[in-house]
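In the two complexes that follow, subunit A is the common piece, with subunit B as its partner first and subunit C second.
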Partner chain A sequence: MAGLAEATASSGKRRWILIAIAASGIWASVSLNLDPALLVPGEGGLAVLSEFFSYALSPATTYQSIVPEGTTPLAVQALLAAWHTVQFAAAAMGLSLIGGITLGFLSSYSLMIETRRGITRVIGGAVYSVARLTITLMRSIHELLWAVLFLAAFGISQLGAVIALALPCVGILAKIFSELIDETPRHAAHAAEAAGASPIQIYCFVLAPQALPNILAYSFYRFECALRSSAVLGFFGYPTLGFYIAASFENLYYGEVWVYLYTLFLLVAAVDLWSGAIRKRLALTR
Partner chain B sequence: MSKGLQLENVSVSFETTRALEDVTLHLEQGEAVALVGLSGAGKTTLLHTCNAMVAPSAGRVLINGQDLSKLSASALKIARMNIGFIHQDLSLVPNLRVIQNVVSGRLGQRSLIGAARDLLFPADDVTERVYNILTSVGIAEKIYKRTDHLSGGQQQRVAIARALFQEPQFFLADEPISSVDPVRAESTIALLTTLCAERNITLLMSLHNLKLATTFFPRLVALRDGGIAFDKATDTVLPSELEAIFDLTESSPVSEEVSDFEDRLGGRFG
Partner chain C sequence: MTLPELYRARPRNLVVRGSLTAMLILIVGVWLSGAFLDPQAFTDQRQENIARFLNELRPYPLQSTTFDASVALTWAHSIMQEKGWDALRITIAISFAAITLTGIFGGLLALPAARNITRSEPFVINRTTRNRITDLIWSTVVGATRLLLIFLRAIPEYVWAFLLLALLGPTAWPAVLALALHNTGIFGKLAAEVIEDLPAGPLRSMTGMGASRLQVAAFTVLPLTLPRLLLFFFYRWETCVREATVLGMLGIVSLGFWIQDARARNFYDEMFFLILLGALIVLLGEVISTWARWYVRRAS
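For the complex of A and B:
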């Protein structure tokens, strides 16, 4: 009977939590003055919207303005911009993987604390705390904010842009990697410990392999995010898709804008197909 | 220095529960002993004290004359390399290949780089050793298969191969046949006892199946409520003694608490 009373009490608690979540959502919307009526565009706005979306079905095949002889054709320009977008994203992702794996090690509970005894447990705990703090700091500033900072410090610098993209990504990857590995079932780790394996060996060769499919899937997802951010870097003058999107948008050449948007869409879709194929090969089940 | 495995007046308490009570047991080098008893009689706890995964609250466990509780971390690591353990849940890494699971048996004997090499680019002689061991357990052709693509019985053999790869002097097996059908169970026990006899490995195995225990082991140790009920040559055990062990009415409520303790043991990394 006591068990039933307890279960009933906990379901009552759950109801109050749900009510509190709903109430805070409503309070936030009201205090931000989120009036749905404001979403109805004015006459001018409606014209811009309908013109913009009308180009979705008929993106430009050539530049919408008169360009000098010998200008790179629009399609080639879009591909070049896509290529630069991939370059920045790939360079940032490479840095992020190195940093993410390194900091992931240091911020992993199972490696730094769980399997340690005595003084190494104290040292491991200290390293763990510093690493956790570091990756939280890295994550709390958005890549575009980092980009603005570096732009102010170094001017247009490709290395600065790549580092700006990589910094928060390192923090996110380190967090996710360490947590994925920490959540791995411990049967095999237990067995390896019983056979004399060291904590770092257990971590690298028993726990990490089991988390590898998820780690790969997540890395691909982050690569997708890096592609998007890399495209937006163009707004600051880097030669990625965002640069051309901004330029065409300012000139109201919506046909061109759609060419670049579709290119970005194809890029992300291609990464998705690629990661899907690899994940299928590594799937845990048959 | 005396060879073999000795438990001297070992007791294990967990909070308020006594899992083992004053157990004294001696296994000569090369001996094969079956540990029988009901679930919760303390079989798993006893096996775990033998490789120091559980520390006795009283008494001593000696491996080749060395008291496990007196060993430094590095000496304990060396002692553990000498003990192959076959776990109830097999404890394999499902998404690694068979060869990778087998070589992980000797992680304790390898440096970090050496271990990485064994797993990713094993030397020819390592591959050959794995192949020979897999041949002896009858699944040589599975060497490059992913472990989770194998049947339960085949995975069992991978776990045995991994323990053999350690080249241990001792084999501890905790219900190694709990996940296979009766026919495979018999052949697995036959295989394990033969392999250990050939290699002069000391074997201590817990078994639910009394028929297999009496068929394949010359000596039976029966546990009841954490203590030894009898320890005899198999052919001198009386049917009435076996009945007493497996008579459910004689078991005390300790069994539930002990299996709870064993659950927590399995999850102590979590």
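For the complex of A and C:
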């Protein structure tokens, strides 16, 4: 605990942060013309709004339009859409794990630089910089922007969508993996080095296993994010939940929209609880 | 102990192992099913299309000549003048407005979601009375708030924005509210966890002196949690910048709008330039957020 004088000084520094946040909030609302009056819809808008939310409590049980004989029932359709969402996310996760581990290796300070001597240190440093630059670029472009790029390049393609989902995920996983491994305590590594272990041996058998629980927990969290992004890909024509949300909403079938929204909610909440349970068992901070 | 004994005695957990196996089976199964393997990925036609596409990513005035920096600069300058600067301003303003609202909503919702405040007689050492019904009411409040937070964060920003845009009309509000709703779900949960992890001592001494629940919240919980909340705040702001770019594709004139617009007109050079601009402000946001978090850590 800091003394009273220090505590006052630190709260003084914090005050500037709070003032800056308030100022930026005010600038933004002026700049965007965020008038609260715009939130109050006109009569027509109010009717749509109340109709939309009234369906929240009574989502549709069957299609709200007349459908031809033999159409997949609504509930089954929602489950199918959820399954497609999981498929895209899982496929992307597979690529991301492979890419993330590989690039995580190459952008790890402890493997590429710290344990190297002489000429290999120079080469390691060069590889490290290139790998860092690559993962930074990958994660700074949003998955939907990657999707737009691939749509323009390949047209609609399942593989393109999966790669678009995977690219930013690779960047984030590689960054987190390498940082987790670099942050592990060095005692065991020094002991192994003294016993004659090579840098790769130290990395694979000493540093990486210590960071493994954190790596696993973080990967499960990323799966949750991949699931949400995969649902959104539907807006670009892929058969995930977003596609059905957009289609039903544009046809004004609000009851169906809520069915798909609740399906998405249950799916993400289930994975949320699942990854939470794993994190708790691995007893982690991140 | 011998080595095999040590090996057998290593800590194992059924849930973790089961989850790992399930996840691996899922991933391998999805790839083996072949739905994502594209047999036409490497045909000549495809290769040709990709080569043409890559050529069209270069600035239009440079596509048939050798590279000339001044031509490229004029081209970039005209795009920035026409739409770039304004799109950047709107993207950043959306992220600022959204994160401010997130801080307010999330901070307020964190209180009823924290089990140590939202209960009958909080921070009392020896509870003398026990009333099942009031206990039940308080825990229902916690449960309902947490459910709301899960719902808010389960629906992606993009879906919120899509729905709100049709319901509220074409102002900046749908984008701001969409980001704020989703992030409130995340920030509220994180803040509730921070509140629950607070040491009970200071809170108990405040109640002992007769402070009400709200007074404890305002004058003890807030100052004690503020540094950690600010760390989460800036971390969430980073993702707001990222998402604000993309929400434009729905029709709000942030960067994403012009990216979609350029794609629709087949101006791939302009589209690529704007995508790189988006990457640049995401990086800038990351740098500012890292600096702000460092400043908060040093100040607390």
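Please note the rule applied: the second predicted complex is superposed on the first by the 228 of 286 C-alpha atoms of A that agree within 3 Å, B and C clash if a C-alpha of one lies under 4 Å from a C-alpha of the other, contacts with A are read in each partner's own complex, and residues count from 1 in each chain.
The rule is short, and it goes like this: a residue touches a chain if its C-beta (ideal position, glycine included) is under 8 Å from a C-beta of that chain, and two chains touch if they have at least 3 such contacts.
In this text the structure is predicted, and so the values were computed from the model without any measurement.
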In the superposed arrangement, does A:Thr61 touch subunit B (first), subunit C (second), both or neither?
-> neither
Considering only touches as defined above, state whether A:Ala191 meets subunit B (first), subunit C (second), both or neither.
-> first
What is the contact status of A:Arg117 with respect to subunit B (first) and subunit C (second): first, second, both, or neither?
-> first
First (subunit B), second (subunit C), both or neither: which does A:Asn251 touch?
-> neither
Should A:Thr71 be classified as contacting the first partner (subunit B), the second (subunit C), both, or neither?
-> neither
Go through the superposed model and pick first if A:Ser24 touches only subunit B, second if only subunit C, both, or neither.
-> second
Tell me which partner A:Leu282 touches in the superposition: subunit B (first), subunit C (second), both or neither.
-> both
The answer to whether subunit B or subunit C touches more of subunit A is C
Check the residue A:Ser157 against both partner chains and state whether it touches subunit B (first), subunit C (second), both, or neither.
-> second
Hey, what residues of subunit A end up touching subunit B and subunit C alike?
-> 282
Residues of subunit C touching subunit A in the complex = 13, 15-16, 19-20, 23, 26-28, 30-31, 33, 35-38, 41, 46, 49-50, 53, 89-90, 92-97, 99-100, 103, 150-151, 153-156, 158-159, 162-163, 166-169, 171-173, 176, 223, 226-227, 230, 233, 242-243, 245-246, 249, 256, 259-260, 263, 268, 271-272, 275, 278-280, 282-283, 286, 292, 295-296, 298-300
Interface with subunit A, subunit B side, in the complex: residues 51, 53, 73, 77-81, 83-85, 87, 89-96, 100, 104-110, 112, 115-116, 119, 148-149, 163, 166, 266-270
What residues of subunit A sit close enough to touch subunit B in their complex?
-> 110, 114-115, 117, 186-198, 200-202, 204-206, 209-210, 212-213, 282, 284-286
Given the complex, residues on subunit A that touch subunit C span 10-11, 13-14, 17, 21-22, 24-25, 27-29, 31-34, 38-39, 41, 45, 48-49, 52, 86-87, 90-91, 93-94, 97, 136-137, 140-142, 144-145, 148-149, 151-154, 157-160, 162, 216, 220, 223, 228-229, 231-232, 235, 242, 245-246, 249, 257, 261, 264-265, 267-269, 272, 274, 277-278, 281-282
